[in-house]
Amino acid sequence: MTAAGRAARALGVSAAVLALLGPLLLPGEYPATLGISIATFAVLATGLNLVYGYTGLLSFAQVAFFGIGAYTSALLVVQRGWSLWVAFVAGGIVAALLGLVVAHASLRLSRHAFSIVSLSLALLCLIVARDWVSLTRGPMGLPGLPAPRLLVPGLGAVAVDRPGVFYGVVLAFAVVALAATHRLVHSRVGRALVAIKLNEALAQSHGVDPLRYRLLAIGVSALLTGMAGGLFVFHLTIVDPSIFDFYYTETMLIMVITGGPGSFWGVVGAAVVISALPDLLRFSTDLRMVLYGIVLIAAVLAFPGGVGGWIARRRLLRWRRALS
Amino acid sequence: MGRIDRRLPIALLLVWLGAVTPAGAQEPIHIGSSIPITGGVAFFGQHSRWGTELAIAEANAAGGVLGRKIEVNFQDNRCNPAEAVKSVTQMLGEKKYVAMLDGLCSGVVLAIMPLIERAQIPLVVANASATAVAEKSGAGGNKWTFKVNPTDASLAEAMVAWLAKEGKIANIAFLGEDTDFGRSGMLGFQSALGRRGQKLASTDFYQQGTADFTAVFTKLRAQKPASLALYAIAADFQNLIRQYHSFGVGIPLTGRVLSDQIPKEILASGALDGTSSVQPYTPEVETAGNKAFVAAFQKMHGNPPNLLSYMSYETTRVLLDAIKRAGKADPAAIRDALEKTKLSSLLGDEIEFDKNNLAHKNAVILTIKNGQIVVLGLSRT
Amino acid sequence: MTADPLLAVRGLTKTYYGLTAVDDLTFAVAAGTIVGLIGPNGSGKSTTIDCISGFQRPDVGRWFLRGTELTGRPAHAHARAGVARTFQTVRAYETLTLLDNLRLAVQEHDGVTWWQSLARSVSWRDAEAEATARAHELLGVVGLTNYAGAPAEILSYGQRKLLTIAASMMARPALVVLDEPVAGVNPTMIRRVEEVIRRVNAEGVTLLIVEHNVDFIMRLCGHVIVLDAGKKLAEGEPAEVRGDPRVLAAYLGRGRASREAARRD
Amino acid sequence: MAMGLSLIFGVLEIVNFAHGEFYMLGAMIAYFLVARLHVGYWPMIAGVTLAVAALGVVLYEALLASVRGRSFERSILLTLGVSMVLQNGAIALWTTTPRMVETEYAYTNVTAGGIRIPLLRVFALALAAAAFAALFTVLHRTRIGKAMRGLAQNPDAALMVGIDPRAVSRLAGAIGIGLAGLAGAALAPIYSVHPTMGFAFVFKAFAVIIVGGLGDVRGAAIAAVALGVVESFVAGFFPLILVDAVAFVAMILFLLFRPAGLFGRGVRV
């Protein structure tokens, strides 16, 4: 790496660190609240990217994993008195187990069956959350979730009840989750996932077991998504069936499609931009979803690789030029 | 292709930027409102907004409050706590809003209550009906939350009290939508009946957006309850009433029958005679204030008001009145003024908050006789 | 033929909608040899190799690699057991680099588990270094060294064929099954393919080659099997088979029946 | 409704997310024809069906033609985008206020064996039966119908025998979406009309085509009837809310145990 490249990289890293810490430094609760939302969506979009972008399975069940993680951790804290730090991991595990069962059943048939079953799962979760009143309190939800307590060396137990502090927690989780996913997709596992997506038969002929790798991707994705849900609702202090809103699915899809399926930083970037921009610019809510729809159509028709695909195309052109 | 690709994001950015509205030059009093503008219950948000807009327009036409214009910023919450927390925190962060209005959905209100308490900005709830909102407010709870509309429990109690007087509380079946509205209506009915030694004969919930009710009507007809308590709103209510009529179900209705939304033909047919209903509001109430309100609303929005628009209208009036009495656009002063509210409603009763910051407005008891809606009276909730 | 061949196939039968593509086929491939599988269009060659590499399930039949039964096991298990293959339609991981294309072909064979790879353990590092070295070596053999870091989609048709052949050799499998390695490839490239095949065979890899180019087969193979209408028509050394009147009849005056049995090719 | 979806899937291999929105558009157009232009019931039905079928052609030409058979996932995403635009566009244009379509038959009932049945329901049932019969006849008796089935079963072979896939697909899109419009028109006078009405329907329709077997029109029709019967049975004897779960549970059971659908001849996806 050249000296200029190193300097640029150092600049980029420090800018990123500053941007991440911004919500902690800026006054007021709004930057932190927005930061929580951005960090959460970065994890959600990356979870979908792992399943759709890398593995090629279009999953509508991400919102189900999110909501299951949310309900599980809320119920464990409220009814069983667990600490949130254990409960949100349990939420992720429950989501992952459910994801594995459903994926195993549907992937035996085909990846198309998986898409349709994942859609049903999301809707079924919504119905269960509304109607298993004795467990979920139905449409009334579980309000008044207590603020978690964090043991800080030297300070003792600190209540995480301010968005600023909560942002710190969510940010730490998001960094760990994204780092883990980054490591996964840049390991042999990620290579195998892409191979399965690109050409399943060829991958099999190389000894790759598609089902096993797909299950692994879905399991990890559901785990992280469920954990994100388990944390997020403690920021809201309430969990109700609207956690399964189909709107979240649409938003995640837009993030992955515009960022570029299979492009790690493309999707993270798209998640940040799409969760921040409409809010910061106060975009007219009436037409936001119409615009999302148009973006989706335009992206699928004219721009199928998203930002990540565009970068890959440039790389290909560079190679063509270099070799000709 | 490549050129289009590069231009697209820029074009989108311009669209977004174009939507940003410049701030006004003079300094009005700012109020925030969090309601569903998109999503499944956008219809209710629309009516809440219309009601508030009418009250604000009237106040501004009369010279504003404390000599300043009032401006309301309506933010969408999709009836989803996550969206509400984001947009309300954003509004609170700007520090220019002196109060918040509505929230509309109970889950949303419960989620934003801690936010406004921390920011020390009063929240006046117009339409969220969950009993929990009032239980957590006022003395010993959230001192910044006020609720103008009656709770589900108190409305159901008013209805059952009237039914008991008429000797009609035995063998009531329940049919309601599967939301906090229907669920807490059922709980309200159940406990009100329980206090009188009765219970619901059966309970059924349907998913919001259900179009066809033939099956449940068939079941109810076979079951033959003495009356059917209905908790339905919007499109579902219209579907229900039409199918109730065309299948000739014939079981007297009670509960929250939206008298103003029954098609004229069905009403005139007499099929609904014997129906009783409890509403926080109905346009048919014959007071001068209400008649003027209905006319003004129709003129401004081209639609008749419903109970949501009415409640938002009254709630906005309560808030404006408190700002006037506070004498300054200061959240804490407004909160104190809200506590001392004593304002006549359009229905002729006094709006006052109890120790839980809950107003006990009158509920309207209606019945249908000879194809006509008859207001039987107002009952304290 | 030795008593214990590398690959033994017994009684393989596969029908599609009532048409028999492979009919009670039995054959063996001896270790260290290059065996050619030829026959007219629709004689069942592709179906045969699809079955013995686990990509299709035959109705009847069993097959063994070094005496271990592989019957009924999934395709990836065949690959791990040591049966590598290429496809008639050229397949490569388009957007991955040539190096990754080749490394993928070996990563399920070197005993490094996925968590070792996640943890970036020493065994992973060693295995990855070895795979990279092997990939460079094979890219050198097929003449694609310059493209090592480029995405596979940049390659021409012939170059992709070379890449897939190289990939099939990556894991030093016991048996490599090549499905039409030189179809649509220009004569210079054919020479190069031949060279690659001889070279890996010298390393001890056994090959089973399906090909229409009879000259190519005759030059390379020590043993040739001829199929017609799903049945074994003849078998033996190239010269022997070439002179067999039944083979000539099958190739020159192809019967109607064999064409009807055709489903693919 | 489900039949149209099944036809689109069969011929185009496209899962149409926007189908519910075309149903909604059909109902909305019905509302404007009746409430504003005072068109009678039957002309309204015909007008709406044709108008929505025309929209189907536009949709196909503008968007679907480019993804046909290319990628299952892309077609889902594309039609999801269309659905978002139509649904939210309708909210922005017409607000979410529910509307009633008051036709001349609104309050007419027929009595059969002591049971009162609204005339409009009889009409809707008859229209559905007629649509099914017509579609079945077209698919099995006419040249173009055979071409459609051929395309659904084996696109390459169809190309070889001289079928123009674009023309056939366009027609299939028009018929499929036109059926959604017909459903909207027939049901608009029975149910209330609002922009989000299509959303709930389309998921149920998905369940129906999975149970019926993707791309199998006959299966879809029978599955729809069966689902209706099972749902009313459940509503009659169990809490009403279970009704909504029936379709999804049936779908999941079928996917697990009978993935090719009722008759086992649907396209394996």
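Here the chain labels run A, B, C and D in written order, and each chain numbers its own residues starting at 1.
Keep in mind that, in the parts below, a residue touches a chain if its C-beta (ideal position, glycine included) is under 8 Å from a C-beta of that chain, and two chains touch if they have at least 3 such contacts.
Note that the coordinates shown come from a computational prediction; the quantities given were computed from them, not determined experimentally.
Undergrad: What is the identifier of the chain with the smallest separation between its Cα mean and the overall Cα mean?
TA: Located nearest the centre of all protein C-alpha atoms is chain A.
Undergrad: Go through A-B and B-D and name the pair with more C-beta contacts between its chains.
TA: A-B
Undergrad: I'd like the Å distance between the centres of subunit B and subunit D, where a centre is the mean of that chain's Cα atoms.
TA: Roughly 35 Å, centre to centre.
Undergrad: In whole angstrom, how far does the Cα centroid of subunit C sit from the Cα centroid of subunit D?
TA: 48
Undergrad: Per the centroid of Cα atoms for each chain, what is the distance between subunit A and subunit D, given in Å?
TA: Each chain reduced to its C-alpha mean, subunit A and subunit D end up 33 Å apart.
Undergrad: Going through subunit B residue by residue, note those that touch at least 2 other chains and give them in order.
TA: 38, 178, 205, 207
Undergrad: Among all residues of subunit A, which ones touch two or more of the remaining chains?
TA: In subunit A, 127, 130-131, 286-289, 295 touch at least two other chains.
Undergrad: Mind listing each pair of touching chains for me?
TA: Listed by label, chains in contact pair as A-B, A-C, A-D, B-D.
Undergrad: Which subunit A residues qualify as touching subunit B in the complex?
TA: Per the stated touch rule, the residues are 28-31, 33-34, 37, 127, 130-131, 133, 138-141, 143-144, 162-163, 232, 235-238, 240, 242-243, 245, 247, 277-279, 281-289, 291, 295, 298, 302-303, 310.
Undergrad: Give every residue of subunit D touching subunit A within the complex, in rising order.
TA: 15, 63, 66-67, 72-74, 76-78, 80-89, 91-92, 203, 206-207, 210, 241, 244-245, 248-249, 251-252, 255-256, 259, 268-269
Undergrad: Touching residues of subunit B toward subunit A in the complex: what are they?
TA: For this pair, the touching residues of subunit B are 1, 4-5, 8, 12, 15-17, 19-21, 37-39, 75-76, 78-82, 85-87, 89-90, 92-95, 106-107, 110-111, 114-115, 118-119, 130, 132, 136, 178-180, 182-184, 205, 207.
Undergrad: Could you list, by residue number, the parts of subunit D that touch subunit B in their complex?
TA: 88, 91, 95-98, 100, 102, 106-107, 109, 116-118, 120-121, 187, 190-192, 194, 196-197, 199-201, 231-232, 234-237, 239-241, 243-244
Undergrad: Can you list the subunit C residues touching subunit A in their complex?
TA: 53-55, 74-77, 79-80, 84-87, 91-96, 100, 103-109, 112, 114, 117-118, 120, 124, 146-147, 150-151, 153-154, 167-168, 171
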